[in-house]
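Next up: the structures, one after another.
One chain, chain A, links the two complexes that follow: it is found with chain B in the first and with chain C in the second.
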Partner chain A sequence: MSQRVYITGLGMISAIGNNVPESFLSLSQSRTGIGKINHLTTRYKDEFLAGEIKLSNEALADLVKDSNPALNRNSYIAMLAAKEAVMNSGIDTNDGLRTGVISSTTVAGMSKTELYYKEMFVKDDHLNVLDTHDCGDSTERIADYLGNVDYVTTISTACSSAANAIMLGCRMIKHGQLDRVVVGGVDALSKFTFNGFNTLMILDREWCKPFDENRKGLNLGEGAAFVVIEGENALNLRKGKALAEVVGYANANDAYHQTASSPEGYGATLAIQQALAMSGLKPSQIDYINMHGTGTPNNDLSESMATKAVFGDQVPKFSSTKAFTGHTLAAAASIEAVISVLSLQNNMIFPNLNFTTPIAEMNLIPETKLVNTPLTTILSNSFGFGGNCSSLLFKKAS
Partner chain B sequence: MNAIISYAHIKHNQVSVNGEVVFRSDSALSLPEFLSDAYKTLGLSYPKFHKMDAQCKLGFLCAEFALKGTEFLTKVDLSRTAIVLSNAASSLETDRVHQHSIDDKSNYFPSPAVFVYTLPNITIGELAIKYKITGENAFFISEQLDAELLVNYTETLLQSGTEAAIVGWVEVDGTQWEAFIFLVQNTENINKNSIFKPLNQSTVITQYNQTIWTH
Partner chain C sequence: MTKAYISGTGCISPQNSIDGEWFFDTINPAKGDFFDALEPSYKEYIAPNLLRRMGRAIKMGVAAANLAINQAEAKKVDAIITGTGLGCFEDSERFLLAMLDNDEQFLTPTSFIQSTHNTVGSQIALIMKCHDYNFTYVHRGFSFESTLQDAMMLFEEGKDTILVGGIEEHTPNFVILNRRAGKFQNQNTAIPIWKSTTEGIQMSEGASFFVLDKIKTEKSLARVDGIQTLYKPKTSQDILMKLHAFLKLHELSLADVDVTLMGFSGDVVFDEKLKELLPIIEKESTAASFKHLCGEYHTASAFAMWVATKLIEKQKLPKTVAISDKTPSKIKHVLIINQYLGINYSFTLLSQC
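Entry: the complex of A and B
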């Protein structure tokens, strides 16, 4: 039987805080990070709200202590969150064990490239920016920043990217290919993303209202989150401490539409069912679901259908934390993995902000206030364009 | 045995299947023109094809050529079939189109039909929609075709519930474009065929380098 995989370190930067303790404070005080746009230069500055990290690129560069002018916001926040996760876990990448970095991103260095893109056609002053544009670049930067990394790869599967990075990391440990892996995702806000989501007409001009009958769309956010996962052998060897166990994961394709979920949530249902099957847990044994819950009419209805298909009338307590962070795209699943572990550690369900009216045909009511309750098992969903549906199952470390 | 039962490679305005060039267009044709030609030669009627960006079209055609003449889609459990693709440029070709549409205040025309394709895994989505494949899927970004990664990952999937897979490389970056897709199946479930090669790194590298392109 393959070894168990534990989460042993957390790192996160997003609109609700520059590190995990700050994020926990915002979550436990029901304080959203979504607000007026301050850092991104966009024509939509006064039209939409966003979950921005509250630091300028210069401030981020100072924190990273790297003066390389080619670096971009994506790399800065990825390096910060990955470093925090590694420090938190206490692993030493120089101890001879095999360490991997599996990251994910969808926009990569776009936030910087787009500033100089037009200019690049007339002069060559900023061509160095292109060296850091690729999706793989921030992953390489993390690996260099951590030092002594044996394996690096990058996944790009839209908004479920980080869940798939976590899955791949778990599998590589279970198959004996790595001893521990820094897994997660990153996406910095860019005009590119804003303009694109706006054309899809799935942005809410107000605060997003996941699972509300009157939800109008999502708020974009930005962030990076990483967790250190370790096989039990490596963990026992260094007598480290587990924060949670990854007991289930699954990925399925909805096979319905490029950017919309099927009305019945077919892919989501498959992902949840298969993650449960892997863990051996029954639906009734799930204490809480951290939903994908973007606040778009399509996602929340489809996810509600999937939830009912799996859990019937016994739907566990649930909430979406997107109204805290905004939808952070490739980082969403790892941000929510960190939030799920904080929930397990503190026996707290963080509220689904801005909810008032249940979706008529569903009558599913999320937790709208902070709930203190014993939590042992948490399901976390992430669904992406391209039909990519992932579910992760976390269990309190015993 | 997990075997590669068929593979297709598209490059230099030519299509090869199982190592043999089966279709060739005028080498002067642009990628869109070539894709249109290749689509016609397959005799398909799939209106969604015409809405796709170049990368999805290329991936779609490569999969079609690999599947043609096989019983893959009828012999496998589509809910346990994986799609694993990779490339270096992510969705760069369409990213440029979207960026161009928002670059200039006086000429601002972003389109949802373009933005949809600014994610590399939309190519996977198009295959999943066409073939009703609902199994696992992943899209990796690597500098070049990474046979070790693709084979390791596919084997891992095959050890954990997946029974077949569509795997490969689909890249479009300006005039640099290429697709290479192979079909993996457990041959115990199908008639043994001596041309099936076991799934491993050297098989993938050999098949990738096998085609003799004419210039």
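Entry: the complex of A and C
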């Protein structure tokens, strides 16, 4: 019936590197990208840490080789990561097959809008910000940068956005609507997001400690990651190479609270169970879970409950890689998809940094050191405001 | 091929569309160069404790969803899919201005919490206690189209009843800024909008929701046969070729289409390709317009789908909607050809069921 879908290209830019090889180096050396705030203008610059991309907007503009003044940080990083994914896969968007771009973002052009919003009422210099504020802007920039794209759309489901972009991409191929698709997410750090999370009092002033009893909150990050997904027909046609197979995915809603997760992790449990059911894999066949694990008291407890509900006493090895990258919001699930594929390719579990004490009532202990172990199947979770819960299941390409 | 049967609609627009009896008889013109939605008394649709905190986009969305669900008498839905170009802009702007005015101090989280684009979809899920599939599309003139494409796939994947909707709101500040940027024109210079020779649109807002069923029921009002999006087609000929192929897929030709609702925005540049297509549409089908009623916004095509459903239901094309002088003898098939900023084009085909 419907064809199998494979990841054939990876692209990523975040605090731990400007591309996939740099990111892999940071991950395998347990080197976090979270540190002092350098690029974001905020009065809290010296009070909080963040996972910033180490390049200024000017340096990013040089990398994309486009001096269009309408571009913003969101577009730059999206274009770079999407291009890397396409180059990595080796697909040619001019070969007549149907190519889609499905991206996702939460605040889109806000990092630029917030600089000029008040000025725009009195001066004309930056009124073009109105054209690039919305979520669709960076997606169309990617499409035009890649060329010959037949289909574009954009998703915004808060911190689970990119998981849903990946899911939609797989579905559109299975339904025969596209042959391959560049999917992922992007969020540049903005003062708006930073202050939003600060008012919710879920930012840790020190390095975040996912799944630790004494966790205080998350560190925000920024980034973009895209993967190329191809149907087996298109892949076989060009005799391309698969990096991993997407064997399961699911989207459920917690329907508990606008921002908080239910204490028992009901939506998360549904998402994990349904992704497993789709893949036909038993819980015992999962080798590793890349957790959502933001480091907030609420998320990590709720996700632990869901994990226990599904896996019982046989919880697979797991870690959250948010302490490397910070929480990159819409990009998180695609960054973690790239990390998951790197794990499969290298048979490596990247550690859950900064963990010392397990959550008392859970007693779940993540991997805290780099682990070299054969990996075949990886579950990756992403949950967001609005109760959006999504899980993805990746399998080593056979 | 999978079809979707519309069993309930809810529409908040600059017109009196919330009134089930209204059929394009009295028309509200734009307020100069923009439209405001005609908002109902929300108390009928939303519990007071929820209402107090909701921004306008959320209120419009939840109320329109409520209307659609009530009309369909749907006990539950298997998926909630929303589309919005700018999301909860009022809450975003409120948080942004508070942050800028107070130098990042004394902020409260409410407007930030509600600023995320998926707030409407998640509020509906919360109210309906729906733990199932929940998606929000945010791609300009494809935001609503994507909800329909997704729903069609979900029906093939086994879902039975799906709520889809498009929501947009503007704020007084956003209107001022867009006017300053020269994006608007006064309605008097663009009457009728399909004959406009000047640049500029009339920005607007609204919410249109639909309950879709996989199978036909006695509640079915109209059927959605198919949907296709076109990104940056180069010429009107490209659009026409794709349109013929789209209709052929549904075993139709343009001559079978009784009414074609065209997304003229009043901006001579954005409308150029539709204007080139108009004589062909008028010859083969009967041309009609909808943005002179709802104004221009990312999810105006959701309003168009509401219009199409009404035309099929009433079997009549009111003069206030028509472009052509022709009167169709029957309304079996309605085609929507939308464009947004001359970049995002879409076809949606609806039929009598």
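Going forward, the second predicted complex is superposed on the first by the 398 of 398 C-alpha atoms of A that agree within 3 Å, B and C clash if a C-alpha of one lies under 4 Å from a C-alpha of the other, contacts with A are read in each partner's own complex, and residues count from 1 in each chain.
Assume a contact is a pair of C-beta atoms (placed from the backbone, for glycine too) under 8 Å apart; a residue touches a chain by one contact, two chains touch by 3 or more.
All values derive from a computational prediction rather than experimental measurement.
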item: Partners on chain A (chain B, chain C) - clash or fit; value: clash
item: First, second, both or neither for A:316, with chain B first and chain C second; value: neither
item: Contacts of A:35 with chain B and chain C, given as first, second, both or neither; value: neither
item: Partner chain in contact with A:297 - chain B first, chain C second, else both or neither; value: neither
item: First (chain B), second (chain C), both or neither touched by A:44; value: second
item: First, second, both or neither for A:258, with chain B first and chain C second; value: both
item: First, second, both or neither for A:130, with chain B first and chain C second; value: second
item: Contacts of A:358 with chain B and chain C, given as first, second, both or neither; value: neither
item: Which of chain B and chain C A:158 touches, first, second, both or neither; value: both
item: Most chain A residues touched (candidates chain B, chain C); value: C
item: Superposition clash, chain C against chain B - the stretch among 42-50, 258-266 or 276-284 that is involved; value: 42-50
item: Set intersection of chain A contacts, chain C complex versus chain B complex; value: 43, 106, 110, 114, 117-118, 134-136, 153-158, 164, 168, 171-172, 175, 177, 191-192, 195-196, 198-200, 251-259, 266-267, 270, 384-388
item: Residues of chain A touching chain B in the complex; value: 43, 106, 108, 110, 114, 117-118, 134-136, 153-158, 164, 168, 171-172, 175, 177, 191-192, 195-201, 250-259, 266-267, 270, 274, 384-388
item: Chain C to chain A touching residues, read off their complex; value: 80, 85-87, 92, 95-97, 99-100, 103-105, 107-109, 112-119, 121-123, 125-126, 128-140, 142-143, 146, 149-150, 153, 156-157, 173, 176-178, 180-181, 183, 229, 231, 298, 343
item: Of chain B, residues touching chain A in the complex; value: 79, 83, 88-90, 95, 98-99, 101-105, 110-112, 115-126, 128-129, 131-143, 149, 152-153, 156, 159-161
item: Chain A residues within the chain C interface of the complex; value: 42-44, 105-106, 110, 113-114, 117-118, 120-121, 124, 127-128, 130, 133-136, 139-140, 143, 149-158, 164, 168, 171-172, 175, 177, 191-192, 195-196, 198-200, 251-259, 266-267, 270, 384-388
